[in-house]
């Protein structure tokens, strides 16, 4: 694999949250904690983890939308410039909020085209092409976001990110609102593009089945740290960390084969344990084991 | 068999924009029995959210217009009911989880403020007497129920300070606050990690089993459907194309469309890498 | 005793209050600083001077019971009334007069300019407790006429509050005089209330005015609604004809009209084009529609020379009224060096003054008929004071009121036409004529009234000949006055007609 | 902590703004036509007298020296003497500012109490009769000049109704000296003088109404526009789905996120009303600072002009600081995500 | 495949036109404004006494109440108020249009820049704005009047010099609010130019309040013009302008009410037109309105 497109070194983010009268008291939320990873050219890196574990925050830091409290971000081996000057694009987790309500689909999609200096006539054609790619009818070009369903907005967001060919494309839950058949087509498209154009992806998702079929390597994030990383096959076949196991064990599946392929989780008090309980349980067993 | 709690008959909805009319629901029929656990699946843009908004009475008219059909709740037609009566049902007898977690929370109030207000007025409509402290306790309780790790702190936060999944759970908590009879959930698990999702689905299932909640869940995740729902409706282009019990539909999908849907689901076991040259059909 | 008590109580409740509006704010009540019409209005009630002026312009005794002027007109001696006392009860003594004048010279504002080159520190001496002697540095015929402008201060009261600035701070809000009224309250910019001093040394006549309230407003509607609500007793002299009409229609008011010694001029700048040509100036005078101005726009009397007829003994009655005659005006214009072309001319006036705008429009319409090209130039007052300072910036034609600050023709001539007084809004003609200066100076040293009159009459003829002004009118003051209020008489000295000891309330 | 440092920074900047203001106004005031000494002394004053006064006032020194004097005085809280009133400008302002402040405050209060609900009502019943009524009213109110309204109200009160007083702050027969604040309403309440309170309020009604109309109209219009924008948001719909009653949805869920524009306008008005109050003060013979300011400007009473402008400048800067903070409170997004590199 | 049928096949511009042309208030507003402009242009043809705009006085006919001869009555020197009102539209409309065309874009741009960039840019722009806002308009006007010769152009410059500050402040607040939204961040990450973000992403979302404020401004500017004429700046008599006519006529209230009420009504109608048009534009930018 060639030189890494993205390298994170000891990246951390703590939010200070203010309470009380005029924000006198503050508390820290350590959203991201000492995360390091590298993604090589043409690679698809899948990032999964608990909700609120800091995935979007990492994405935002790479984009330059949030300042890290510590650590460095290297893109193509160099420290990064201002947001917007980075050769990185992103599909936001909230398609609704990331589309300007006062701009039509076509106007939103043309933004990156204009940056590249594509002329008006060309960009109209390109918009039509992009809409087709994400399985939206051409006439949607004139619609405003509030006239779209959730999935349609998400596809517009994807189309917009694909309008240029960035070095790195961050996909934060790109297909969460899509039905599976459209999802399949969009994922195919992304994979093809990735291969043909040598795109690199940071793919954030809760849909582990999807990730299994898309990512080359996978990192599992828990409480702001990467607790496990490896190739997709490794991690899914033999998850080593307790949380990873719990995560994979919880995936809703379509068939009995799949159900059998999921790791089994020890019941604690006769129930499927919460993540904390399980992690604590295993840690205890580990220490008992070492004592024994 | 008793009459279903919610029964939709021939619902037609159309939108008018710039003088052009566009019918998006062409006669939807759907039943949710009491204690029922019903899933509505279908491709994006097929009209699921519009159906749900029609049930809740949230369609903005104009541009939307309900041109036909009935929505019977406890045998009463919601469409002919007076607005005041209908308001009484909302948030108490029937409740919903919105699809877009970002834009459905008011950005300028804390979570606690928003939840407590809703509870206060639900209490008032139900004639329940609760102190503010009791209401806050209930807010924290429900937040804990949806697996928030630090309910008090989440309650004190503004929406912008929460992750996507946390916001979605806040919306679920909002819907559960005053223990509704009917819960309509529009993709309640999309932004959640599978562990949390599993726990929340279990919570909903338990509510159906123990409290007699009737659940209508809209989702794209057929795995979720398989593991939670009793009955499935498949929607396409504004009509219900197929409906059956969960077991039946997964065993023998009748419609071509349903079969396509199922085939498109990625497998945890892998082997269907994305990309047209990767071997997928 | 019981009856007396009741009478007292009755009197207290039946106080006569006069509420009057004034269009400007009271700037100051310090006798060493008062300068304008409104300042004097308050001061003349709060203070008394050695002499005062009656409605014919004669000097009458006030604090001084008698006075004498030496033959060479270089010395004046005043004897104070024995019973004169200040509001605090202390007697008015010669030393108070000396103090008042010395303080005036030190501060060198307000009426001090009247004595420039005539009196200075040390010129005023106390001969004994009741006699003061003024020694003039040069003969100055109008000297006596300037004496009413200075109000006598209570030396002890002021020095007790001297505060390092000659009591200026203290006197800005307090009074220390022998006047008939004392200050009750004063909200700067809005209202002043004075009350009668029952112990006033000269006493009062029948139906004295117990309290005077001035409300500052230059808004016609305010005046009308104050009148309608019954609050107003008397208007200022500056209301619009409509307001007088409206108040008259209410039935409660009389409209008192009085000719004054204030003249209203079109001052023609004799040093800029086109009014530097006397034919142009005469043409303008001929093109002025006097009747419309005096009868419709601003009620006023005839004015044929620079001097109003109120100065009866000094007025040159031989000069006829110019007749409005556009043909004659055209003929006059034909003789000017600007003849045969369209003559641009600037008409200046005070912005926001309705009647001045009307006159300006009337002039414009007439002047354009005889070949002028008119530009209107309304300016706010502060700007006028500035542009009047230089020949080049002074517009060709300016509308200006001017009235005597002391009851002598000198007040009219010196300030407006003498070279030494050039550069103010009162002298926008820029006459600067040695002959004129000489006549004014000569009159100043001529003690005998007949001799003065001869000089002033000649001066008037001369000024009419060079036509530095169009003599529009002598102002007629109008006041809407409650029918119960009597006693108003115009006095040819600013605001002395608002001395409320001269008024009485005739209703019960 | 963070808030404190923000506040300190802003206060520091505000001081700088005031310095800038003082320089600009110092210069501008000297451009205004008129010779101050000449105007103060009248036309009959001799040239020597004018010269002497100019000397005394330091007006023939270079402008930088004059400015240094001014700043020196300002540092000691001394604004010099007024030519118009022959008093310390400090005293004049102390006498007149409370009256103007009371008037402006009453005006803002009225504009807020009437304008915001009107905007809310109009937005809620968009395109129906309440909306039409509010819009018409707002336009009427906004374009009726305050002098016109002042005169109209006065004529109405004086001729037709005769119930409300038309001049001054108190009736002449009410015996009262204001307390420490100079604000009649406040002082009279503090001292339990209910008769004075009643009289003061009655005097305040007409001028405040005349002054408030335009602001009320603006606030109503801006609130309406902003509310309509917000009402499109999903969260308003969500509140409806959860049975939050209509009025609460309107006044809380919808109004608060919409509040930034009206708040901004209100802040701007608050300050500009001080400058604009003069017409109303003149008509109603209100002994306020605005009328004083106008007179001093027209008389080119330099010290007084500087004083008035500086006082209203301090006021303006304070109000806008408060508004900026309020915007952060009203919309937490501005605070939380507002700071970016 | 999604095929819920087209909502519309219209382009954004066609949609805008549709929304605008289906909005009765906007149409009424446009009609009023167009009529006013036409009346101003055609004034010499449609007024009964065009000469009353110049140096004409007729003291015999002063203060005549409205009649068949003089529809709006006559003023204090006997001129026809109707004719002067129509001619007054020329000055007043020019004044309002030019001031707003200068001041609104300047203020808006500065507000956008300050609100979006923050930091030093914000500090400098907003503090200068604060200074400018704190200068009483009258002082400023007097100073300008002292330096410049009285003319309509200079009056417009003077008013514009004051007016931008309001818009700067308003837009600044709005921008601070909007720049925190995700769609702005999205545009940033797409590499959109600052120009694009300011004018295409943020500005359209501030337009509601801006348009409303601007349409209210039109009336204010016309009235402020009167204050300037009073100070000797601006248009000089006998040329009529509506603001000055109202101010002058007010001295004759209530007896000669028509003298200020008639021009006042013209301003009112004009303001109504601008405001309805403003509302129409607001709706035009409000894409969820149909």
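To keep things simple, chains are lettered A, B, C, D and E as they appear, and every chain counts its residues starting from 1.
Note that in this section a contact is a pair of C-beta atoms (placed from the backbone, for glycine too) under 8 Å apart; a residue touches a chain by one contact, two chains touch by 3 or more.
Only a predicted model underlies this, so the values are computations on that prediction, with no experimental measurement involved.
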Once the contact rule is applied, which chains count as partners of both subunit B and subunit C? D, E
Chain whose averaged C-alpha position falls nearest the assembly-wide average: D
Higher number of C-beta pairs in contact (C-D or B-D) found for C-D
Determine, using the mean of C-alpha atoms as each chain's centre, which chain is farthest from subunit B. C
Report the inter-centroid distance (CA atoms only) between subunit A and subunit E in whole Å. 49
State, to the nearest whole Å, the distance from the C-alpha centre of subunit A to the C-alpha centre of subunit D. 52
I'd like the Å distance between the centres of subunit A and subunit B, where a centre is the mean of that chain's Cα atoms. 25
Counting only residues that touch at least two other chains, what does the list for subunit B look like? 17, 43-46, 100, 102-103, 160-161
Junction residues of subunit D - those touching two or more other chains: 32-33, 151, 155, 159, 232, 234, 331, 333, 336-337, 340
Quick check on subunit A: which residues sit in contact with 2+ other chains? 65, 94, 96-97, 101, 146-147, 152, 182
Of subunit A, residues touching subunit E in the complex: 63-65, 83-86, 88-90, 92, 94, 97-104, 106-107, 111-112, 114-115, 135-137, 139, 142-144, 146-147, 152, 157, 160-161, 164, 182
Residue positions on subunit E within touch of subunit B in the complex are 1-10, 14-15, 18-19, 22, 180, 182, 290
Residue numbers on subunit D that touch subunit B, as the complex places them: 233-245, 248, 252-253, 256-257, 330-333, 336-337
Contacts from subunit C onto subunit D in the complex sit at residues 25, 27-28, 30, 33, 35-36, 108-110, 112-114, 116, 168-169, 172-173, 187-191, 193, 213, 215-219, 221-222, 224-229, 231, 380-383, 385-387, 389, 405, 411, 415, 420-421, 423-427
In their shared complex, at which residues does subunit B touch subunit D? 56, 58, 60, 87-92, 95-96, 98, 100, 103-109, 117-118, 121-122, 125, 158, 160-161, 171, 174-175
